[in-house]
Amino acid sequence: MMDFLKRFSRNRGAVIGAVILITVVLLAVLAPLLYPESPWKMVQRPFLPPFSVEGFPLGTDTLGRDVASGLVHGARVSLIVGLVSTLVALLIGVPLGAFAGFYGGLVDDGAMRFTEFFQTIPNFALAIVLVAIMEPTLPTITLAIAIVSWPPVARLVRAEVLSLRKREFVDAARLAGLSNTRILFGHILPNAMSPIIVMASLMVATAILLESSLSFLGLGDPNIMSWGYMIGAARTVIRSAWWLSFIPGVAILLTVLALNLIGEGLNDALNPRLARKGR
Amino acid sequence: MKKIFTTSILSMGLAMPVAAQDAGGRLDIVVQPEPPSLMLGLVQNGPTQLVAGDIYESLLRYDTDLNPQPSLAKSWEISDDALTYTFKLHEGVTWHDGEPFTAEDVVFSVDKFLRETHARLRVSLAHVESVTAPDDHTVVFKLKNPFGPFIGVFEAGTMPMVPKHIYEGTDYANNPANNTPIGTGPYKFEAWEKGSYIHLVKNEDYYLEGQPYLDEIYYRVIPDAAARAVAFENGEVDVLPGGSVENWDVQRLTQMDGVCSTGQGWEYFAPHAMAWMNNREGPTADTRFRKAVMYAMDREFVKDVIWNGFGKVATSPVSSKTNFYTDDTIMYDHNPDKARELLADMGYDGEAVRILPLPYGETWQRWAEAMKQNLSEVGINAEVVATDVAGWNQKQAEWDFDIAFTYLYQYGDPALGVARSYLSTNIAKGSPWNNVAGYANEEVDAMFAEAAVAATPEARQEIYTEIQQTLVDDVPVAWLLEIEFPTIYRCEVKDLVTTAIGINDGLRDAWIEK
Amino acid sequence: MTLLSAIFGRAAKAAVTLLLIVVLNFFLIHAAPGDPAMVMAGEAGAADEQFIAQLRERFGLDQPLYVQFWNYVSGVVQLDLGYSYRQQMPVLDLILDRLPATLLLTLTAFGMSLLLGIVFGLAAAARQGRWGDTAITSMALLFYATPLFWVALMAVVLFSVKLGWFPAFGYGTVGADLSGLDLVLDRLRHLFLPALTLGLFFMAVYLRMTRSSVLEVSQMDFVKTARAKGLGEGVIRRRHILRNALLPVVTLAGLQAGQLVGGAVLTETVFAWPGIGRLMFESLTARDYNTLLGVFLVSAAMVIAFNIITDIVYRLIDPRI
Amino acid sequence: MRSIRDWPERDAEMEPVLKICDLAISLPPGADRGFAVQNIDFDLSAGEILCVVGESGSGKSMTANALMGLLPDQVEVARGTAHFEGRDMLALPDHERRKLRGDRIGMIFQEPMTALNPLMRIGDQIAEVFEAHNRHTPSERRDKALALIKEVGLPDPEKIIRAYPFQLSGGQRQRAMIAMALALDPAILIADEPTTALDVTTQAQILELIKTIQHRHGMSVMFITHDFGVVAEIADRVIVMRYGEIVEQGPVAEVLKTPQHAYTKALLEAIPSDHVPSPEPVSGPAVLEVRNLRKTFVTSGGLFRPKRSVTAIDDVSFSIARGEVLGIVGESGSGKSTVGRAIVRLVEADSGEILLDGQNMTALSADELRRARRRVQMIFQDPYASLNPRKTILHALCEGPIVQGVSRDKAHARARELLEIVELDAGAADRYPHEFSGGQRQRIGIARALAMDPDLIIADEAVSALDVSIQAQVLNLLRDLQKRLHLSLMFITHDMRVAAQLCDRVAVMQRGKLVEIGPVAEVFLNPKAEYTRNLLAAVPGTDWNRGAA
């Protein structure tokens, strides 16, 4: 573990990413303390630019709501959507990829056809349709994002399992009389964890982007303040109040950037052999 | 009483600045969203009428005070018993394909075509006993009973004239000619680049000498509101019809040099924003709750911030622009304390209330958010339901809402545009345009029936005043705002809006100053 | 296993996939609340039950779902994608109308992102660890992390409104009646911002992939062999490293095709680009079932075509397959 | 094959082609030592073959790469000179060195599979050498390439020139590499373990080719290898390296016969000698009996790829007595490993019977098989892949027994005991595989097999991946254990000498068939099958070794 932290901290970008992400997480967690009032509350004149009025460092939006409050509360939504949808995508993709890679043959064929099928439908289009059908609420958006994000996981896990199952320690486990499930979950998957973790960190980032894109198209949960919503709502006033789309845009950018940097850091730290090549 | 109007008087009146209009030029107008079809006889939504209003015409137009004006009919007469309407048609009018336009076309359009396809007109046609064409240029409508609003239905969107020689005996909806609409209007259909623009060109054979003035019109499809604003700024488009940019941009754009705007051209429709409140079940079934909602809402804030000061807070089911409006009703001001009192009185238990916003852009979305915030500030547990156009219609038609935003046109007369929302006979699942709230009051039913057929305007006014007083006290729906959709255009465009229907009535009179 | 038979095989598989997509989407879409009659009634501003019933009958929505399904599928098998009652024309015509715009946009974005991604990726790899590398990879990361629509908005404000270099939207200057070179230039000017917006993200993806792939290939034995032959670094990079490094990039590009086509929905909406992405979103809101299904079918076919193209490219580069 | 003694004497006073003085190569900070090599002084004379021998990590390849200017990033020449044709190569600017590479000095590498660009035709890769040095016109280049392909003995040159590397066998690729290195008739050829990855018969051919070419062109060859057999076969002079330094150098006969340095002696002793013992035949009941085993691999390449089938096991029958060690030898692709894996049912045989103490293993259901698996265990080839990197050694040793129903405490106790048996510290139990060296891991692998208390152990190339000195230790351990615990062992190897050391009987396999089986002395000294004879003849350094024994 110490070793891992040391390798991780050797990557300057990863440390920056971690600092940003921790800040975002802190803001999200502390949102109710920092801004106990609802972010929807209309508190001041609309369209206040940042730093123009004491107490509203980021100004107010089209209805006079505090942008800073929205940003902080929005962080919670973005992070929750990112994390939960990634988790769900992993829950679909990992077992599917694992079984496909491990059992091969018809199982593999079936699973991969299924995966390809989902990869053939343009993912954003599918997400839009799913959200429209289920009606946009936080759970449905999260689910829709998960449904369009799992295929790469399945592919990755399958490839990892395919290469791992030929390793001799798997043969050894088999000779020890272990059952297939025990070999798969006890020996193979733990060894596939590091690429999965790296991919997951990137998927969280992608999910945040997807959520914001959906919100932008008006397919967000209207009861929940999210960054994508803030941009979408400010899009029509971009000419007169550019900062209203700029600020949440930067928030998304920084968070996604942080997750990517962390992903790279994890990659370096978890796969030291590749790291030497990559850096 | 006999009313006779002649072309000569009226065209003189209209062409007041006798200064010669400059002919020629091209106008680019935003149309949003892209119309599904240009066949006005089949589809009557806003975008369709915006474009097709140049192609199709009806017998009359209406000035901004809702007085009838000649269009295809050069004069008309209403018998003293108010049962016979006789129209004299212009002579020498031809369809865009060169066929002559005659009274037979009018009879076909009204009695055959529109009776089958036009839901809104069908309501008025129920009062019509017969439509006949004694000669090629005379049409006679005979009514079963006096029907005050009838003179108001001869507008292109309500009663468009369609060519008999093309549609008679065909399956109207699937007639291939629907893709190349043929009317009698000042502009002819030229091309439709789906997703991009609709191109109309001047009708050289138009029956009014020298008109129209413009050479061509491009209706531009630009799906994103911000992009539409940019397009106007860049000079790509010359006219932004009402509602085509978000309100926040309206102010900015109208402040630009050489940009003019007008709020006129909506008098006929008089869009009346309101929120259905489900009278059948949930907290909204309680009048006290509905009143609390009225007091909780800060409608002035909405007008000032969300609508940028455009419009007027609605005080009654009838728009102040429509005939028979009265301000002698209870006034609901923004009074959260009163709202809380009412809620306490009814013993509101915090049951969640679902607000269904109107899925027509950011303005409406913000409005729903503001309402939710207003309601929650007086202790109402409200949440906004996310939905799109289809879902919104479906939920209204299925009564699956507590509060639902909408806006309705008044069509110049309470009998056409108001009564439909409150008549208990008009409660039926399956349509978003009837008495969706489910308000049922026999007295009101009776009064509306009486008012529609009352002989004189004075008599009608009396009944309508009483209706308004009753309704405002019962608050079956929350009236929100008399919407004003300013039309924004470059100042060199003249006579863009000359009627109560605005640019939806066609650009017959518009010209560009050189 | 000639190229031709491989393509044929892919096409056969693709047909099955497409049929499945039709089936899935058919039921998905019909599960959405509301139907086209409802939407049109809503838009009409007035409608009684008779009107809505008429519409439903006209659209064939009064029939049981399985009948509708059967009608649709048997049509699709004969390449008849049905009729769009909303747009009043056959879906196939409607889509063919819009398809060129989408193809132009996605292919340009794809080509541009691939080209720039590879060029910058190579440049970064060549400067590995130095500031040039850091600058390029940071830029890539930035593009990678920025929401597409936000880039679009900012690009419009900057390039179109402030600088006035490029039109903010549209497919061409309307009514300008251009021809020849002028038409091409006009189209290109309109194409620039949307293609840039759509392409930036993918450029970042390909850049990162190219860079790491080049670095990996550079460690391979045959590169050492090439050096041992006395070849110059330029030749080694061009002839030995690049081609081998491109293989994973091509694979990735194929896998990303779905995302590219999906991204077109956003781009086309913001830039008023009259393609099928926008058509999809509009038909979804209008519940224009046939059109929506048609768009899904065609865009899935596009993804498959992209995959086949990348496959062919892969085969052209790699003799082993 | 000729013995070293027949090799013509050379003029020792000959002017060196290459003179290396005080070479030192520094490693990046954080490496396990500061210098890859240091204090390197040696000459390469004209027309001689100089072998540089050492185990992995001795710095022998690093030296060659430094000469070529092909050191990896961050690894640099710290000091020293290398005089070649009047100039110090190490001091030359990059572009001058580039001119030397491929022109005056050619080089070939160990892995023929990866040393050629997979996307380029062989002919182009050869012609590229001319292009790199601006020689000849394109059509001449092609002709020259053809001639070179002929010279290195590749069949059907017209076809080869258009072929891609994947269409060639390992030996053919190595020939193509040699053709490239020869293209401009260099003064020096550096060969970095060029035969290590090849089968023994192919190795013999390539060695022969290098000798012939060296003779014909009068080049100097610097030949890097870890195999003293190869040294004996090819070298004029030898340099022995350890830990980055030269420990001994001299004419081959001297070094092999009378090694001076202790390390050289140890290395030479560690080589399994060709002295074939004649162990007592082991009699008794058969623990394993294999009857008419067959296995054909069919690659279903998908819809449009033609099916290809490879017969891996072709009607193989044999038996192993309790307490006996049966060697299975053969080249790669002979099916020897498949036989091993088929017995433990990691591969399902198509037909035939595998009787373990009379019980037919092939007839077991999945469940029965899981329980029966205990009875046959394997020791694997790759010490780095055979242990799960995420599990402790204790876990590796106990998981099997626990699954088979042994109590946790008992299993743990037994594990510690076994670690002692394989001569590892008992504290090793709680550590992870990456903390151990290759040899130690192989011991753990043995302990793991023993933990299951099996009736038969199959060792599949169990020592092939190890350096020669480690190999000797592990082999000794295996032999000890076998004797002590009276183990039945099936020992699969490609290395005839290793087989000779350990086995009671030997079976020789070729292309899936068992060509010969018998007591070890009989098979090695009196081979009946022609294939066995070829195989034995191809073992490098046979003559020297036999002489030494």
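A, B, C and D label the chains in the order they appear, each numbered from 1.
Following the convention adopted for this analysis, contacts are C-beta pairs under 8 Å (C-beta built on N, C-alpha and C of every residue); 3 or more make two chains touch, one makes a residue touch a chain.
All of these numbers come straight from a predicted model, not from anything done at the bench.
The chains in contact with chain A and with chain B alike are C.
Looking at contact counts per chain pair, the maximum sits at B-C. Centre-to-centre spacing of chain B and chain D amounts to 88 Å, using the average Cα coordinate of each chain. Rounded to whole angstrom units, the spacing between the C-alpha centres of chain C and chain D is 50.
As a whole-number value, the distance joining the C-alpha centres of chain B and chain C reads 40 Å.
Here the spacing of chain A and chain D, counted between their Cα centres, is 47 Å.
Contacts with at least two other chains are made by residues 224, 226, 230, 233, 359, 387-388, 391 of chain B.
Multi-chain contact residues, meaning those touching two or more other chains, occur in chain C at positions 32-33, 153, 161, 269, 284-285. Annotation for chain D: no residues touch two or more other chains.
Across the interface of their complex, chain B is touched by residues 32-36, 38-52, 54, 58, 85-89, 94, 97-98, 101, 153, 156, 160-161, 164, 167-172, 174-175, 269-272, 274-275, 278-279, 282, 284-287 of chain C. Residues of chain A that touch chain D in their complex: 167-169, 171-179, 182, 187, 190-191. Those residues of chain D whose C-beta lies close enough to touch chain C in the complex are 68-70, 98-103, 106-107, 109, 111, 114-120, 128-129, 131-133, 164, 166, 177, 180-181, 301-306. For chain A in complex with chain B, the touching residues are 38, 40-42, 46, 62-64, 132, 135-137, 218-223, 232-233, 235-240. Against chain A, the residues of chain C that register as touching in their complex are 17-18, 20-21, 25, 28-29, 31-33, 129, 141-142, 144-150, 153-154, 157, 161, 212, 215-216, 219, 255, 258-266, 269, 277, 280-281, 284-285, 292, 295-296, 299-300, 303-304, 307.
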